[in-house]
Amino acid sequence: MQEMIKERVLTLINEGAADRVLAWETGEFFYDRTPKFFDKNNVNDLKYDSFCGANVTKYLIAEMPKEGKTIVLVKPCDSYSLNQLCTEHRVNREKVYALGVGCRGKIDVEKLRTMGIKGITAITEEGDTLTVSTLYGEKKVARKDALLDKCLCCKGKEHKGVDEVIGDSEETSVGDKFEMVAKLEAMTPDERFEFWRGELSKCIRCNACRNVCPACSCIKCVFDNPKSGVDNKAAADDFEENMFHIIRAYHVAGRCTDCGECSRVCPQGIPLHLLNRKMIKDINELYGDYQAGAEIGQRHPLTDYTLSDDEPSVVHERGGANA
Amino acid sequence: MSLTNTVTAEDLIRISGVDPSKCMQCGKCSGACPSYDEMEYHPHQFVAMVRKGQIEKLMASDAIYQCLSCFACLERCPRNVEPAKLIEAVRVAVIRQQGMNHMTANDIPEKLDEKLPQQAIVSAMRKYSK
Amino acid sequence: MQRIGVFVCWCGSNIAATVDVKAVAEAAKHEPGVVFSTDYQYMCSENGQAMIREAIKEHRLTGVVICSCSPRMHEATFRKTAVSAGLNPYMVEIANIREQCSWIHKDMAEGTEKAIILARAAIAKVHLNAPLVAGTSPVTKRALVIGGGIAGIQTALDIADAGFEVDIVEKAPTIGGRMAQLDKTFPTLDCSACILTPKMVDAAQHEKINIISYAELDSLSGFVGNFTAKIRKKARFIDETKCTGCGICTEKCPSRKGLNDFNMGLNTRGAVYIPFAQAIPNVAVIDSAQCIHFRTGKCGLCEKNCSAGAIKFDQKDEILEREYGAIVVATGFKPIDASAFNEYAYSDSPDVVTSLEFERIMNAAGPTKGKLVRPSDGKHPHEIVFIQCVGSRCTEDATKGKPYCSKICCMYTAKHAMLVREKYPDVKVHVFYIDARTPGKNFDEFYRRAVEQYDVDYIKGMVGKVSVEQDHLHVQGSDLINNEQIHINADMVVLATAIEPDPTARALGTMLTASMDTNDFFTEAHPKLRPVESPTAGVFLSGVAQGPKDIPETVAQAGAAAAKVIGLLCKNELTCNPCVAHANEALCNGCSQCERVCPYGAITYEDKEVRSPEFRGIKRIAVVNGAICQGCGACTVTCPSGAMDLKGFSNSQIMAEVDAICR
Amino acid sequence: MSVNQEWTPNIVAFCCNWCSYAGADLAGSGRMNYPANVKIIRIPCSCRLNPLFVLRAFQRGADGVILCGCHPGDCHYSTGNYYARRRMTMLFSMLDYLGIERGRTRVEWVSAAEGAKFAATMNDFVKTITDLGENKKLEDLRCKK
């Protein structure tokens, strides 16, 4: 598929339909896939394979002032982020050629490591099986066991609002994506508090979650703005750890497409997506099903209302036993 | 409501789910009633009398058995007061006071005709088990 | 650093009884920036205000905190005091230590402690206050009246008489509205046309009034004093400047099957028609859906017969763009569809008619030339039943009908009953009523005349069913007074159907951002004190668009709305509320979220060049129109970057208050 | 606040200018009592309440935060309280999800005529917070003196 994509990209650039492409290149390790802009001279270095988990759409924002049109490679899940960015006028859809690329779920090398596979030198795939070459010989792993967490709650194989699609996709979700949220909801407040203290106290304020998040696209973040009253560079105490993540989750509520990048990039392994997903679950339950980025121009639930919305006390009334 | 206690307006309101205070006494129910001439008290009077707490008169009246349960009053009421349900509630109250001579729940399913409104069957049954 | 003065009021014993005012003044002295602090019996008195003025000058104060009664009481007073001493009025903050402190607490220590905290919060806020200057915006001295019924005509005449230009936009081919359809008017029984048509002529001939008929508002932008409206003038396929209203075309037209709207569809008219004899403009209009020429390309008889050459088959809709300072909504009403009430057999028999249809039957210019006959067979009726409250006073949860009283039905039914008895004493007339509601000058006398003088049979009760029988209508109803059910064999049944807002009102409300209630009546800015203004500045309400009302009330309200419009148009410029939102250009992402929550449409976006440490170049930025913004702050919270802030209630000001309280 | 003295809660009440602030004034005019630890901050509309302000209050040691606004349908700005309703629902839900006691936050619609309701609401809220005790989960220790 990678070759077909390169060919198509070249054709588009040569035809004058676009000037550059935003895709992935190989990073420091053989499985690293880093976002990169290519032009027709270096498009040959473009990579697209099962390691391209990263969502590159956010990089388009900085590209907007440039002349010409940019091709962006989007997996089905990335297309939601692209649409949301267009809705928020952060990306001008007219300056983008959205090239949908097929996806059957992306591989998480960390998962292989947690299986105890060490010294990985290469990974090849055939059908549903991965062959992992290691320093200590070859190992076979079922592909589905090595998928990124975000692929386990895949948004489906359909690209939303792209200009063209190359390759086939598969839906890779397993089970209910709100399962863990529901589990937390069922805990007592003290148990939940302990859970989140345990997780959030790991935060080192590296800002990776913020930097990767396609919804966190502010030119200047409130945490960097001394006048916002909440600025801080490092979490000095428990509260600030909480505060940062509450505010971040709240700021993206209704806009978060649940792309799962925040948890993917967190070096401390904090399940940040559980905060966003809670907001999504609440929105779905209280204001009707809503998927951010499903199409351009949507009005998100927090900038909307109905006359008969639940009162905020609904929060207190739900799951009464744990009050 | 126990069998020995007197029936109150609140009991009837609870049984029927009818709020008699919504009634504006327009009389459209009684205008629509096909059994009007037979009935001692007419649909709008049921509503007014329940509101005033004159329950005993209603319970003693034959009017509750002359009501055909046709629901015309309920259908026409501009304020959704549903007098038929209130009349039905008076009947229920009478039956409950009479003891347990009515059908049991288990007798009902096999007698059920799907084409008939269920409430009509139940209320008719109560009526004839006087 | 601000130089702040703190003034603690005793309010006689109102505050001083439970708050140690001296202690509050003393505590305030120790707050940063406070250079002067004092207390006084009555700060709002002339002496108290003089004390504030002197202190501002003597201590070169830049900010003032008054610890006194609620700002709702005297904020304006103290702001004026500050202005007279040369200080910006928005550098004054009030700490509410009366209504929200001394009056609710009994313990002196408790009250004093809280008063000190409230004073601190106000001091903390005033530190961050900035002088605000109210902007101004010009006023276009022309009004738009939407709807050309009696409400619109009267409003337009009153505004025009004050010397301002007025445009009336009427969706029908003629002005006149519902009143033109009426036969007689209660309680005087004078002929409706006789009192309306002179007003229509006045409007048409007034040099300041411009009637735009057969037209609708397409879109509206702008704000109070500065609206721009796009008006769609629908093609009537007649050159208005040439048509003389001779009516020859209407006689020659071979397509005769169009229902005559003016006569409530009781008879038919040609495809080219003039709605009624006194129509203004007295110009024909072609119904293109009915016209043979438009359907087949043939015919054209009207064109051949028009000596003025006014027929223009190729006429297109035209968009007029006009500017206005004020808008009056006078969209009126229509009767509800009676066919939902099938117990009254409206759909089953032509002899069951609505009151407005009956009005046309009784009208000398109507389909029967004013002769009372049964629509089914043209025979003279001998017994007529009127039913009131059809679709009025139903509950919200009822499947049909309206929850409100339509207000006019009791009176027009009395009028109809009386007119029938007057003209045809042989006809028996029964009226079923729930309540006869006749509050109004000479109204009850009028109703009593119907009963006493004209022997109309008023029956307290309602009709439960009307059934169609061979040659009559069988009416079954209740008589609650006599406690009996009655059966009448009637020749005609007249339904006093509820009235509802014109169906165009809802879309118009959205276009004007004027709020409406659940029944689609326009909401007034205040139900008692501002009954002819919409909450949206510059939009005024006239007639039934605001709620059911009769002609005298409508005319009174029309005059009131006109007075409000004149009051606005008299001004050369409007002073804006300075506590408005504004976007920090360096922070704004241009994401459009603020625009979505703004109830006034005050936010637009511009591509602007920005130079800030984070961004250099051209970017999309939110721009708040300070003349439209009302300062609610909805945008400030929805803004993810914190670019949007509200003057006078800024993020940092509110947080400073929070900090002071939680200290 | 010192630890030795008997603890009383500190409560921040945000009131919209048009309904609830006037309702609070009316409670005062009617001499209806409610505890002095309720301090009112005036905001133009309930939709002006940024969730940041709520967090800020907790950070600085507030034990409870309550928002009062016009009844739905009565907003002076016609739609403000509808947005506030959704925003606060989501914020409260988030705080609850993090294990913060549900009772510490509340929204109550109080009209300008409901002085008695304002006082009753504040009495009830203070009681709830008193029963919950000090806010320990969300306070910033550095801000404590």
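Per-chain numbering from 1; labels A, B, C and D assigned in written order.
One rule holds for everything that comes next: a residue touches a chain if its C-beta (ideal position, glycine included) is under 8 Å from a C-beta of that chain, and two chains touch if they have at least 3 such contacts.
Everything quoted here is computed from the prediction, not taken from an experiment.
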Interface with more contacting C-beta pairs, comparing B-C to A-D: A-D
For chain B and chain C, let me know how many angstrom lie between their CA-based centres, rounded off. 45
Measuring centre to centre with CA averages, how many angstrom lie between chain A and chain B? 62
Whole-Å distance, C-alpha centre of chain C to that of chain D, is 35
Using the touch definition from the top, which residues of chain D touch two or more other chains? 51-52, 56, 79, 83, 87
Chain C touches at least 2 other chains through residues 597, 638, 651, 655
Chain pairs in mutual contact under the definition given at the outset: A-C, A-D, B-C, C-D
Touching chain C in the complex, chain A uses residues 65, 87-90, 217-222, 225, 227-229, 251-252, 255, 299-300, 302-304
Interface with chain A, chain C side, in the complex: residues 586-593, 596-597, 605, 612, 614-615, 617-620, 638, 640-642, 651-652, 655
Chain C residues touching chain B - in the complex, by the definition given at the top: 343, 389, 391, 393-395, 397-398, 401, 432, 434, 460-465, 476-480, 483, 485
Could you please specify the touching residues of chain B with respect to chain C in the complex? 22, 24-33, 36-37, 42, 44, 72-73, 76-80
Would you tell me which residues of chain A are touching chain D in their complex? 184-185, 189-196, 222, 228-230, 236-237, 239-240, 242-243, 246-247, 249-250, 253, 275, 278-279, 282-283, 286-287, 301-307, 309-316, 323
